Amino acid sequence: MSLTLTALVASITVFVLAIFLGFELISKVPPTLHTPLMSGANAISGITIVGALILSNSEFHNGNPGLSAWLAFAALVMATINVVGGFMVTNRMLEMIAGKKNRKKGGH
Amino acid sequence: MSLTLTALVASITVFVLAIFLGFELISKVPPTLHTPLMSGANAISGITIVGALILSNSEFHNGNPGLSAWLAFAALVMATINVVGGFMVTNRMLEMIAGKKNRKKGGH
Amino acid sequence: MVDPVVSDIGYLVSAALFLLGIKRLSSPKTAPQGNRLGAYGMLLAVLVTMAKMYNEGIIGLELIAGGLALGTIIGAWMAIRVEMTGLPELVALFNGFGGGASALVGLSEVLGRIHNGDVPSPGIELYATWVAIGLSGLVGWLTLTGSLMAMGKLKGGFYIPLTKKDDRGRRKWVNFPTWGPPWLNFVKGSLLVASLALICMTIQEPENTDYIYAIAGLSGLLGILFVLPIGGADMPVVVSLLNSMSGIAAAFTGFVIGNNVLIIAGSMVGAAGLILTFIMCKAMNRTLPAVLFKSFGGGGKETVTRTKVGSDPEEVAMVCDGISKCVIIPGYGMAVSQAQHAVKEFADLLEAEDVEVSYGIHPVAGRMPGHMNVLLAEANVPYEQLIEMDEINSELPECDVAIVIGANDTVNPVARSGEGPLGGMPIIDADKARVVVIIKRSLSVGYAGVDNDLFYEDKTMMLFGDGKKMMNELNAAFKDL
Amino acid sequence: MVDPVVSDIGYLVSAALFLLGIKRLSSPKTAPQGNRLGAYGMLLAVLVTMAKMYNEGIIGLELIAGGLALGTIIGAWMAIRVEMTGLPELVALFNGFGGGASALVGLSEVLGRIHNGDVPSPGIELYATWVAIGLSGLVGWLTLTGSLMAMGKLKGGFYIPLTKKDDRGRRKWVNFPTWGPPWLNFVKGSLLVASLALICMTIQEPENTDYIYAIAGLSGLLGILFVLPIGGADMPVVVSLLNSMSGIAAAFTGFVIGNNVLIIAGSMVGAAGLILTFIMCKAMNRTLPAVLFKSFGGGGKETVTRTKVGSDPEEVAMVCDGISKCVIIPGYGMAVSQAQHAVKEFADLLEAEDVEVSYGIHPVAGRMPGHMNVLLAEANVPYEQLIEMDEINSELPECDVAIVIGANDTVNPVARSGEGPLGGMPIIDADKARVVVIIKRSLSVGYAGVDNDLFYEDKTMMLFGDGKKMMNELNAAFKDL
């Protein structure tokens, strides 16, 4: 994983573009959606789970997990909680807000 | 300039992000600004001038410009017209629309 | 040879799904779909990573499977078990976990590299990686401790275990501290500068783990001090800001392990979270610096000295008989006592008598944005009857009875004076109605800790008691009329 | 060693400037700044490129300096010399140059590589580069020929040189053809498919230049056929779409030469241009497929059979004396005759008599969006007096005199019937005013080629003649009253 300058600059380019994109994505959010949006975005920031997965697999010494493997394991647990819990709880909130309306449409 | 797969995918990533960004950038434009916006964006698409510059410098054979150098030259002229003319004409339009207002504020 | 491209493209698709997810989450109709898209994106990213690892040979299978299983069980259990009133705390907690995970990944990477002697020689790789590790640690640990603080503040406090139970059967309750003298801002600034200096020093001595741990310690402390002075009422804004930071931490982690999807998703969440923070500040009528650097609200409860004679359900039922327009204004108390179903029943009773019923929803009623909407939707209140603040305020002067259930700050007329902790917050003008009925357990103050003159007005009838119980009694009384 | 990074960062900054430029261009207050940011971004990109070339050794200095100088002179000269009425054509022309430049860069690269024997062996590099070259050619040539066609159509036609001059001293004028039987869509489809097939074939035989030239030929033809069936009135939409394409072409060129700033700027313009295209369609009350695949408007002028007695300036001046509200509705004719200053003078005269004057601006009056605003701003008409269509329509029933100067389609009541080329286009309800004065040279039709019943109504006074001349005479008559 040796890092070249060009690769770094490419990563920075992606970083900058994504930041701009994030700014543009959200413009007007009705108050009802503030919490679900926050919660959903939070779940997405659990993407760090990818890093935790990779390190949980690589940081072994002679087949035994070392300190850093256990740290990666802790990271994996935390990230998974964040991801699974985050999306589920967001879903629950949204079902409360929007789901009911839909069910009503069908029912009445 | 040998192209690796990783570099290609990185470029595609940038491409996709920039397209999304372009979509998000413009949401509501008052009719008055349709033409200046079109004209300004057009000037920006003259960025191909960078490519024309690079090729105008590289496509030489034994110090003499070959066909492809002349093509690059033609591209350079066209792109420069697009860029210079485009920004100037946009500026003229905008001065008509906005500049007058400002001058008025100062004047009256 | 083709494999890495497939996985890169998989990551790109998952980034696009996140993007669409965030976008859809911000509009009412598409929000559930947005959340699903985000989840699919995450699933894809995990699967792609697993496939990649499988290709390269899995050595830590137990660790991975165990971690995923454990995290899934805990996360799902928390998400299912949580009560609606506990949602904001849970979001804060999850957010802290996200930040912590990013910090841990960075830590794990640096320790692993040092242990394996894989520290790059001075040059661009060392600088970039170590700076990214330092920054992901700084932002990540800060997010973790800050979010835990925020969670505590959102709960408002905690019961001290083992203390004597009072007459209502509850143990001693202490409020979560809110404390922040002006000089604390200097301390916070110094901590930040010190952490950044430490990051520079890690570059000089990349093998020295002390610096890494010092960064963790300082930034953890910074997170605590950051949230300490902020009042509970401002917590949603703080959580949103911390959410933005956990995104940034993930993006830095992406630089550490050289993965674009982390960079894209993380920085997108970081930017979107920041915008959302500003939007929320605006909805609460505050500025971000005011929220962050001036302590406010949620702290010491004022002692109530004035008194007011309570009314009873029968009297209120009589007042409500034969009116033509009633506005119900719910607040945090309705959420705590789970009174929404009883409220809906009351509204049905009134509507059967041809009374026009609507609900006045204050944007920050309850403890999280949209709290009331969620609860009332759960009780099947038609969406059209939920009226936003500005609109209901123009209707209230023609309203016969305003029923305020468990709300306090959001109807406190002192806000109009522009002074004190509530100063300038827009409120629902309940006091413009002909008669105001207020259902709460006592005359005590609300979140911001400010006394409410509305209770003592002549046109106000106080109905003291638990929200749900009083609503049920009111319904019974109304049926008996 | 550090140099390439500096230049990469320079490119990144310039991409960010483009981004901010586009964003600011879409809002009235920030638009001039947006344009400037875009120009700075371009300047930066050019400087960075030159610095990079300087580092690597400049060999084509004469070529580069000559090309830049020539392009700058021509571009600046065109931009300065153009009259306001000619703006849309010029934008179309510039756009075509942009597309052509991208196509030429691709062509130059591929010919250079073949000549130098630098064709990669089959593999990812060959595929990616050759596909990018093919696509940049396809889109680029199409943009070039399509934009030239669009330019011709925006002019409306051309004088045939060397023909006999008529009594007004003008040579014979032919309209630009608009022709598109339904089967033409099949032809266009086949051309597109054939071009794509050719791109696939270039990968098989990368050294075969015939394919490259064939792509250029086919896509050039495609551009012509693409614009041929579309009526002049829809040209701004087409130019906007072509603008989007020239951005895409630049992005593909970025893949060819492996430069991110081209990719970012190009694809951003491509996407933003597409959105703008939809916005413009909406403003003209049409859908994009309807614009592109059904021919409409701008074609054959109908012969006028009915007659109407003209009025004279003195009569109109008398009608305008003592009224209280006057609405001026300008159109293309005001632009052609440069009557805006005379119009403003007339408005001043009326205002001196305490008449309330406002201007009714139709979104597609003239030949480009915002055409009227630009002209009237040039004549120092206060911005507040320019009223948009919907708003002025609610005022027109109380208006004493509506002065229509050089407008036709935009006030044609037949649009309300929903039939014919104008069917469904929202119009300014000039016919609701008490008296309508129409200033134009004849009874002939406007852009869409549809006869206008408004001319023949009793309340309508026709003032036949060149717009500027008639306005000046009207001003003189009004002063003489």
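Should a chain be cited, it is by its letter among A, B, C and D, assigned in written order, with residues numbered from 1 in that chain.
The working rule: a contact is a pair of C-beta atoms (placed from the backbone, for glycine too) under 8 Å apart; a residue touches a chain by one contact, two chains touch by 3 or more.
Everything numeric here is computed off the predicted structure, so don't read it as measured data.
Undergrad: What shortest step count links chain C and chain D in the network of chain contacts?
TA: Tracing touching chains, the least step count from chain C to chain D comes to 2.
Undergrad: How many angstrom lie between the CA centroids of chain B and chain C, rounded to a whole number?
TA: Chain centroid spacing, chain B to chain C, equals 44 Å.
Undergrad: Roughly how far is chain A from chain B, going centre to centre by Cα mean, in whole Å?
TA: The computed centroid separation for chain A versus chain B comes out at 36 Å.
Undergrad: Return the distance between the CA-based centres of chain A and chain C, expressed in whole Å.
TA: 17
Undergrad: Provide the list of chain D residues touching at least two other chains, using ranges where the numbers run on.
TA: 15, 19, 23, 260, 264
Undergrad: Mark out which residues of chain A touch at least two other chains, giving numbers and ranges.
TA: Only 5-8, 10, 13-14, 17-18, 20-21, 24-25, 27 qualify.
Undergrad: Once the touch criterion is applied, which pairs of chains come out as touching?
TA: Taking the chains two at a time, the touching pairs are A-B, A-C, A-D, B-C, B-D.
Undergrad: Residue numbers of chain B touching chain D in their complex, please.
TA: Of all residues in chain B, those touching chain D are 1-5, 7-8, 11, 14-15, 18-23, 25-61, 63, 65-69, 71-101, 104.
Undergrad: Quick check on the complex: what are the chain B residues that touch chain C?
TA: Those in contact with chain C are residues 5-6, 8-10, 12-13, 16-17, 20, 24.
Undergrad: Under the stated contact criterion, what part of chain D meets chain A in this complex?
TA: Its residues touching chain A are 1-2, 4-5, 8-9, 12, 15-16, 19, 23, 260, 264.
Undergrad: So in the complex, the part of chain A that touches chain B is made up of which residues?
TA: 6-7, 10, 13-14, 17-18, 20-21, 24-25, 27
Undergrad: Under the definition above, what is the set of chain C residues touching chain A in their complex?
TA: 15, 18-19, 21-23, 25-29, 31-32, 34-36, 38-39, 41-42, 45-46, 49-50, 53, 58-60, 63-64, 66-68, 70-72, 74-76, 78-80, 82, 84, 87-88, 90-91, 94-95, 97-98, 100-102, 104-105, 107-109, 111-112, 115-116, 120, 124-125, 128-129, 236, 239-240, 243, 246-247, 249-251, 253-276, 279-280, 283, 363-364, 368-371, 373-375, 377-378, 380, 382-383, 388
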